[in-house]
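Listed next: structures, encoded as structure tokens.
Below, subunit A partners subunit B and then partners subunit C, in two separate complexes.
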Partner chain A sequence: MTVVERGNLVGVAVDRVDGPLKAAGAARYPSDFMPDDLAHAVLVQSTIAAGRIRRIETGPARAAPGVLTVITHENTPRLGRGPDPVFAPPPPLQDDRILHHGQHIAVVVAETPEEATAAARLVEVDYERTEPLLDLDDPRAEQVHDPGARDLSRGNARRALASAQVLIDVTYSTAAETNNPMGLFTTVATWDGDALTVHDSTQWPVFVRATLAAAFGVPQDGIRVLAPFVGGAFGSGLRVWPHVVLAALAARQVDRPVKLVLNRAQMFTSVGYRPPTVQRLRIGATHTGELVALEHEGVEPVAMEDDYAESLTTASALLYACPDVSARLRQVRLNVACPTWMRGPGEGPGVHALECALDELADRIGVDPLDLRLRNYSEVNPQTGKPWTTNALRECYERGAERFGWSRRNPEPRSTRDGRMLVGYGMASAFYHYVQNPCQVRATLFGDGSAYVRSAATDIGTGTYTVMTQVAAEVLGLPVDRVRFDLGDTEMPPATRQGGSGLTAALGSAVHNACRELVRSVLDLVRDDAHSALRGCGPDDVSVDDGRIIRTDDPSRGETFAEILARRGLAELTADGSSERREDLDGEPGVFSAKFAEVHVDPDLGVVRVVRVVAAVDGARILNEKTATSQIIGGTVGGIGMALLERTESDPGTGRIANATFGDYLVPVCADVPHVDVVFVGERDAANPIGVKGIAEIAIVGVAPAIANAVFHATGRRIRSLPITLEKLL
Partner chain B sequence: MGQPAGPAAREGTRIAFPEVAVTLRVNGASTHLALDTRVTLLDALREHLALTGTKKGCDQGACGACTVLVDGRRVLSCLMLAVTCEGREVVTIEGLSEDLAVRPLQEAFVRHDALQCGYCTPGQIVSAVALLAEGRAESDEDVREFMSGNICRCGAYPNIVAAIRDVASGSTDALV
Partner chain C sequence: MRSFDYSRATAVGEAVATVAADPAAAFLAGGTTQVDLMKDGVLAPARLVDITRLPLRYVHHGQDAVHVGALTSMEELAADPVVAQRLPVMREALLLGASVQLRNMATMGGNLLQRTRCRYFRDLTCPCNKREPGTGCAALQGVHRMHAVLGTSEHCIATHASDVAVALVALDAVVHVQGPEGERAIPLTDFYLLPREEPNRENVLRHGELITSIEVPLLPANARSVYLKVRDRTSYEFALSSAAVALVVRDGVIREARVGLGGVATVPWRAGGAEDVLRGARAGAEVFQSAAQAAVQGAIPHRDNAFKIELAKRTVVRALQTVSDKAS
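After this line comes the complex of A and B, so read on.
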């Protein structure tokens, strides 16, 4: 079958198909669902970081107006843990121990949110406190080496560093950040016997289903999880957090539908965060900037009894040709909530440290930062020696530098002014290693020639609804407005999680395959049909366009889908398709980018303004220029936050998060964000039939170091801790 | 969808907190409610009137997702108690969506891809409607400044500015 190729590298900028619904306020997020007879649950959280509950007094709360029940560890049944501990934390309320500040210790269920909130304040807890471990340097804390087995090394970095002509030895730190999607995470749970319907803020509905089945020991097929719209997540919806289980538990105990909405403060304690990091970089190079050795050691916290792993240092082994490399991560078990994936997990802070350290090397030896990257360019994956499936990083540098006007950069720091403002130019490379996981899709063709395609995936704002509609329309040869793609319901075929930049490739491949199978099924209908112009045609003998299958050997002969279905008396025809995790590739899939930033720094006040950003991205084939550009802009905004604003502050004595509000935890607002110039380069990727790479993470990776390097260029000051707030520059 | 009902409508519930009879005039229609005095305008709209287009992003008056118009001015409905809205004219995204004059702005948001997850979008649009009516969308800088009370965590800001400027440079008279 010849698929009609409409797109070259960059696909049609179709408007977001769910845009009108969202602009009308009519898209329904989990908190917008209100089943009849709904009760409301509010969480009570620990106010200490370590110890145990000696006594929890729920009497006054139970006696408060409207209260239906109070759930604590004393009346919670054994709950099973979800099938994969990476995505399913330990179930809540199973004992009296406190492992972090903000741990859920009770759930109050009442008739109204106001009553539940008021009663939650009446729960009295008598704690037996122990001294919490809260400091990365605490010698008593357990060390976890190489979590997730992602450390990479080659050669002997230590020895090569010792003999290098130039040595850079620097330590960078990055702050804890909180994902803080705008949508307060919500679970609405309704039981009917052992059957359960859940609306949830999630990036992976089928795993929510699996975890709830395990938690309550009920069959999966009786559980339906719905998430047609999710108010952002940025990684915080990948795990099935304890509050999801607690909402379902509350509904089971009061035998009514229950809604549990995390408040903003709880969004800081209950759904993960980007861990703070301390990273030591030792870079050995020649006087002319050839890298001879690189050692990258990262340290970050992890929870006492829950795990999280990320590729903090691995990009340091993959971005540049360098013979001797050691990239390692160590975690320290502390009395903290478990960190989780936040857009650009691992690579976000890890590439920041690497790219700033390289900027220091460039400055030390007097080589242009971009030239330094080019001198150490690797055409292949330098760790394996295997080629990438595609790699257009060199083109990212060239196109990005050209659009940015990098050649105008005066190499001398603090040399350029605009009025009284210090002007700085900075750049950074970016890399992200994405994966494709299995997806299944069902596609149906109707008698009127329209199509309905679906899978239990999510669209957390990325444009999944839209680009999957486009992929289906392309393969089926239908106009976009004749195809409906639906998602967010576990009654649909299972899809993988929306994370790690992998969904578009994985789900898009399955949509492609299902739609191809559907065309094949239509051809099967007329294989022996003497009345059909397509008699005997196989998928390779035809093309499809505007709802019509055409013979490639004679384009004047063909039939429409509608005609074929009508002749066979079929109201509809359905086919399934799937995609698998790809292990058999010629190369390895990686996403590349180069980021360029200009900042203006007030020399008296230390205020940094990002004036413009150029992001050149090798995302392989771009399905939709409009939504993809928005992804890159959005990641850039996240990178501005990471560079200049965002820092989750924990009180060092108690582990309490001290700035759990949008008034205190600063995120970029409209006035913080300049024009972002996005350019896509590269070629179709061979890793999947639709030729794409994932671009969600690469959007943020490299932004913070480009800004930090620009701040150095503007001021001559090297700030080695994020965020770069004005007091650090004064 | 459950029918909106005040706590008093439920049987067997102990009511110890003061309830107040209030008439809310929302999107041109009046509704009589008996409300717990702690109920915010935001929760009254969402939980009692089933107008869920207005979103709760922080409940602290810091994100703008709950922006509605009260007597023509943009307010944060999470910071207003519903009982204080007696006799005032409340307009939500649902009301604006029925106003043909607002449609160009909504279309501009879609055309410029000024939304991603869409959760902050109703608040952005309500704010933008007021901004345009106030004549504060005369430059990109103005829009960036005056729209900074509405957080978009997906980071659609440049496109939000473009959408509002697109409408501002056309016919602002059409709005409100």
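After this line comes the complex of A and C, so read on.
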């Protein structure tokens, strides 16, 4: 079948198909849904980090104007836990124990959000406090080794380090960060008997359905979860957090539709965050910079009775040729909310430590940082010895360095100035593991020759609507405006989660397969049709152009979808497609990038400003250059935040989040974001039929270390903790 | 739900009388701080008297001063040509002090009375002597990188957030007030109260007194001035440290000096000691250093904000260098 190869729709800068809807304010986000007779729920959260509730007084709140009910652990039924504990936290309000500051301890339901908010302040709690565990180095805390079984090792790193000519032994720390999507997470729940309709801020509607079914012991097929538009998530919408269950519980208890909107402060305590990390890197090398040993030990907090695992150190075993490697993660159970995935989870902070440590090695032995990477370049996956399906990291280095002007870099730190400002150039490699999970799609062709394709996926702002429309249009040989792609409804075929940069490959492949199946179904209609020019043709014998199927062997012969359906008296024709990760590949897929940053540092005041970034990305085939470039720019902004600004702070001793507002938790503003030069390199990847790798995570990985290394180059000061705030440079 | 009475005043005397008569009443102008604090439950006035229609929105140009009506917006004042020419330090402080959206809403009188950004003040679950006298200060042991090193007490280390007020204390501005007992004029340097025993009392205004105008003496025509604001991000952020500096330099000698500090003190900070060092001295790196040292005299660091002492000094030095470069 040649249609997929033609590709004139793919790779071009198609405008977002949902752009006009969003610009007009007509796209409906979860909080826009207002069922009749709606009541409003507001959460009450614990103000201690550890202990139990001795008494919770809800009388004054219940007596407050407009209040319908107050739900606490004392009147909450047993709730089931969702089917996969990785994505379903323990259900809320099941006992009187407090495990972290900001834990939900009550839900106030009232006629209006204002009444519920006011009444929530009237709930009085008498706590029995115990001393919380809040510090990573608290000897009383339980240790979790190798969470998620992601540790990697080869050879004997410890022994090889002992005999290395050059040894770098450094400890880096990164700050806790909060995902902070613009859209406040919202759940609107409406029961009808045991049937439940939910609008939710989620990255995975079908798992919300499964979790709510388990929570309330009702059948899944009576539950419908909708998320046509989600106001961002950056990973925080991958789990079905307790507030989602509580919204449905509240609706059940008051027997009315209920809306629950987290406020901004609750977005810091209720939907996860990027855990802070402490990472020790020991790198052994020769005097000329060949890596001989690498040991990367990461430590981060996890919740007392909930789990989260991430690939913090694994890239250290995968990015470079090095014979002896040990990459490990240890978690410490503390009285903290459970961390979660935040854009570039694992590799984001992990590659930061690795790439800064390598920059230290380069400086120590007097080798250009880019040369150091090239000297240790691995053509294969160095852990398995198997080839990569595709790997254009070398081209990322070359193209990135060329566009950046890396060769102009004076190797001497603190050697370059622009007026008063110290100028620094820094670079870093980046890697993200390839993710693809099973996914299903349904595609329908109508008698007018238009198509409708759908799946219960989400578009959290990434451009899924647009690129899936493009993929479908390409396979069906239709202009994009003849294809409608829809998502965000569990009545549609089940889709995997939008996370780990894995949705485009999974969903795109399923769209591809469904549309290809649809073409096959059309050809089946005329297989024995003596009147058809396409009689006897299979999908590989034809191409489709503007709704007309054409014989490859004789392009003058063919007919349109509409003609075929009309002749058969069909108003529409539907086909299903699915996708899953290929297990038969010769190589292993992985996503690669190189990042280059220039910073200016005020030598007296310590103020760091990023003045330009070059991001060279091997995302394999790029479906839409415009939305893909936006993805990379957005991730770069996140990386600037990670490097210079973002830090979720907790009060010593109490664990209360101390900066849970947009005024106190700083993300870059437009004036902090320089020109970001994005270049895509690489080729189609064989991992999936549409040839993509997924680029959301790789967009942020490597940005912070490129900036940190540039700060070193500018100042000669090695700042080993993020964010690099000005006092560290005074 | 907490309800409150709202009325719109049509005359200054009426507004003053209404608020003065009700201990739980407050004036409402731009509301850019006040409404936030009401939403968070930090402020709970039973009555709001909206003063935005009072005839207090003007910039009058006198021989030696500009007279700024209290309801003049920050943006309007920044756009004034005399301000641009004769009071650049104030104009820069206005422009660096807030986004254009806020500058259009926020009034000059309200700016002087804006409340601290201290998170503990704004979170009802935390003890705060400013919000609830006698409950303690959570910031002392909490996260206080942004907090003050000058003018603190063991009861409060909250930073005053205004930028333009820093320029105004350096400029010897005078606040004109009307109250139930008549009018009075208060030098801005006497207006703010340090958080000694009563951090909840932030200024000398009595209940019902309304700021009607701010008188800002013009700088000498040959003065050079600058407002330098150092912060974590380029915009939408308060100062870690700022300096309002004005110098008159003739024949290499500093004849007149004004230094105000922001972001590091519990009130807009007039650094009189620094001015004493500068006045009469020859402009140069050494005297700027000495002045900076004098400016932070008496600073008290806490766990996370000790850097502010050094940063404030460097901010002062940079600001002095900048105006002295301009002058030469």
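Operating definition for what follows: the second predicted complex is superposed on the first by the 724 of 730 C-alpha atoms of A that agree within 3 Å, B and C clash if a C-alpha of one lies under 4 Å from a C-alpha of the other, contacts with A are read in each partner's own complex, and residues count from 1 in each chain.
By our rule, contacts are C-beta pairs under 8 Å (C-beta built on N, C-alpha and C of every residue); 3 or more make two chains touch, one makes a residue touch a chain.
All of these numbers come straight from a predicted model, not from anything done at the bench.
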| item | value |
| --- | --- |
| Clash-or-fit label for the pair subunit B, subunit C on subunit A | fit |
| If touched residues of subunit A are counted for subunit B and for subunit C, the larger one | B |
| Partner chain(s) touched by A:L354 [first = subunit B, second = subunit C, both, neither] | neither |
| Contacts of A:T725 with subunit B and subunit C, given as first, second, both or neither | second |
| Which of subunit B and subunit C A:L645 touches, first, second, both or neither | second |
| Touching partner for A:G653 - first (subunit B), second (subunit C), both, neither | second |
| Which superposed partner A:R264 touches (first subunit B, second subunit C, both, neither) | first |
| Touching partner for A:P181 - first (subunit B), second (subunit C), both, neither | first |
| Partner chain in contact with A:D18 - subunit B first, subunit C second, else both or neither | first |
| First, second, both or neither for A:L666, with subunit B first and subunit C second | second |
| First, second, both or neither for A:E114, with subunit B first and subunit C second | both |
| Lowest C-alpha to C-alpha distance for subunit C against subunit B (Å) | 5 |
| Residues of subunit A contacting subunit B in one complex and subunit C in the other | 64-66, 112, 114-115, 118, 661, 663, 668-672 |
| Subunit B-facing residues of subunit A, complex | 15-16, 18-29, 31-32, 34-38, 64-66, 111-115, 118, 180-184, 229-232, 234, 261, 263-264, 460-463, 626-627, 629-631, 633-638, 661-663, 667-676 |
| Contact set on subunit A toward subunit C in their complex | 47, 64-66, 112, 114-115, 117-118, 121, 604-607, 609, 644-645, 649-653, 656, 658-659, 661, 663-664, 666, 668-672, 725-727, 730 |
| Partner subunit A, residues of subunit C touching it in the complex | 1-2, 41, 117, 119, 124-126, 138, 141-143, 145, 230, 232-237, 240, 307, 310-311, 314-315, 317-318 |
| Footprint of subunit A on subunit B - complex, ascending | 1-3, 7, 10, 13-17, 36, 38-39, 43, 46-47, 50, 52-60, 62-63, 65, 92-94, 97, 106-107, 109-111, 113, 115-122, 125, 143-145, 147-161 |
